[in-house]
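Heads up, the next two complexes both have chain A, just with different partners, chain B and then chain C.
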Partner chain A sequence: MDRRVTVGDIAKELECEVVAGKSCLDNEVSFGYSSDLLSDVMAGAGPGDVWVTVQVHQNIIAVASLTGISAIIVAGGAAPADETVLRANEEGIPLLTTAKPSFEVAGRLYSMGIRGRVKT
Partner chain B sequence: MRLEFPVAGRDFQAAGGAAQKIKRTLRQIGIDAETARRVGIVAYEAEMNIVIHAFSGKVGVDILPERINVFAYDQGPGIADIDLAMQVGYSTAPEDIKEMGFGAGLGLPNMKRYSDNLVIESEVGCGTSIRAVINLPTKEGS
Partner chain C sequence: MKLFFADLHIHTALSPCAENEMTPPAIIKAAKAEGLDIIGISDHNSAENVVAAIEAGAAEGVTVIGGIEVQTVEDVHVLTFFPCVDTLFRWQDEVYSALPDIENDEKRFGEQLLMDSNGNVTGKLRTFLLASTSMSVDYVGKRVRELGGLVIPAHIDRPSFSLIRNLGFVPDTLLPCCVEISKNTSSGSAKERFSSIAGLPVIKSSDAHRLSEISAYTEILMEEASWEELLLALAFVGGRSIRPLDIVC
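Up next, the complex of A and B:
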């Protein structure tokens, strides 16, 4: 493709609600990662990834910030805690929500050309 | 240069904050992104282990010309069998913590994976101390 997919592209394509980090929708997305185990994300995700999870507590923002993730998609209709939204805005991490389950979200992302990060 | 932060057991509000401050400071003083990321991951896992398992502790880094040493020590239950604790998937975290996505038995393996050397010392009923070394890339650009 001519240009990298951005977080804004994903929000539009998947009809996600952007609940935090609205000023960072131009973040480019490199790869995708789907997991609900935080240490697994720490080990497997990398800079620029879009992360699909059903976890909603505030620690997901610390994980995203430390790994350099460009956006979190909270799947399955879960609502992020207020503190999570606050932290996401502080850290400048776009937080997207959708009623679609994780599998569906990952499939849609794949259709947009986003691939999984190959572990080294 | 040393950075050191207190970590309180069971404080999931502040959890991860020390690792974030460490990573941010490393970037501000010009440490490369990949090294800062590795240090951040090791410090995060060390910090979370204190939050999940211990009463209180400290996590920090010593920034040296060729490497960064991550250290953590706690007052807590200690680790009875360190070899077992190093195994992927082995966890003694309580169920409510696991539901939050912690305690997957990946913390110590992650620390080993992202550091160049990892030393764990522990005394049951007393506490645990961890030292990890992350070498800085050589000037030639390793």
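Up next, the complex of A and C:
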């Protein structure tokens, strides 16, 4: 890639709704991570990742902050809790939603050139 | 002040995954044999056998705290306990309306038996109980507190259906009265592994699905084996205390 994919590129390509963190759409994306177990994300995801999940609990924002995740895509039509949206805006974490299921989202991201983070 | 022994997480034959030997009187007999003074009955998403267990316990001098092990939308198991059955059944109605309408496939998952205090089968529950409700863990916490109940994240050290495994850490808004660890770990090890439980009391339970699993996993220093005293012990009031017995098996 000449240029790193940004969160804004992903939102446009996947037709996601940006429900929080609109000021951070220029965040660059390094790798992709897909998991619904937050303990697994804390252990496996890293800075710049775009994270695909169906979890909408407010803890997803803290996990994203902790790991330096660039954006969260909430897949499968799940609606983030109000508290989650609030915290995403506070922490500056782009929170994207889509009706597409996780599998479809991961496939689309892969097509955009985003690869999975290899655990070290 | 006296030392009481507790196992606050026991399933009856209502839970499809529990053995049919888990009748209210058999549970009480096993509890007595293990030296237990106070037990918690917490079937998956239902409290239908709680009254039978309370009656069976009263006949034998074992205090039974009635509850429900709720499965939240995040697949997190939370023990919810109430001081009286009226409130418990009000909560059960709310849990039922948040459950998907799936019929239990008893050949695959096991029977969901309703029982009386003598252990007679009085019926079967049709709705499949091993499903996630549509309620978030935060909602469960808030609502149960409103109703005057206790909220205890179950077996937080386990690899599945655990608050810590699924949501990473104890949310700062949940405010549980304590956390439960499984019989496979010690409180020292749990506190080392999970920093977010710092400051919270820890209990240990069997999560018994068969009679032989019931055992004294928590000791409570309090005046008597009652709901009110349990609350005081969880708050460590007036020299009372609650702690897991760290015998790792």
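Keep in mind that, in the parts below, the second predicted complex is superposed on the first by the 120 of 120 C-alpha atoms of A that agree within 3 Å, B and C clash if a C-alpha of one lies under 4 Å from a C-alpha of the other, contacts with A are read in each partner's own complex, and residues count from 1 in each chain.
FYI, contacts are C-beta pairs under 8 Å (C-beta built on N, C-alpha and C of every residue); 3 or more make two chains touch, one makes a residue touch a chain.
Keep in mind it's a predicted model, so treat the numbers as computed, not measured.
In the overlay built on the shared chain, the residue A:Pro47 is in contact with chain B alone; chain C does not reach it.
Of the two partner chains placed by superposition, only chain C is touched by A:Ala81; chain B is not.
Comparing chain C and chain B on the residues of chain A they touch gives the larger count to B. Using the contact criterion defined above for the overlaid structures, shared-chain residue A:Ser102 touches neither chain B nor chain C, since it reaches no partner. Judged by the touch definition given at the top, the superposed model places A:Ser39 against both chain B and chain C. Contact with chain B, but none with chain C, is seen for A:Thr67 once the two complexes are overlaid on the shared chain.
Once chain A of one complex is fitted onto chain A of the other, the partner contacts of A:His57 extend to both chain B and chain C.
Residues common to the contacts of chain A with chain B and with chain C across the two structures: 36-39, 42, 55, 57-59, 62-63, 83. Within the complex formed with chain A, the residues of chain C that make contact are 74, 136-138, 164-169, 171, 173.
For chain A in complex with chain B, the residues that touch the partner chain are 36-40, 42-43, 47, 53, 55, 57-63, 65-68, 83. Of all the residues in chain B, the ones that touch chain A in their complex are 12-13, 15-17, 19-20, 23, 33, 37, 40-41, 44-45, 48, 100-102, 104, 106-107, 109-110, 113.
Considering their complex, residues 36-39, 41-42, 55-59, 62-63, 81, 83 of chain A touch chain C.
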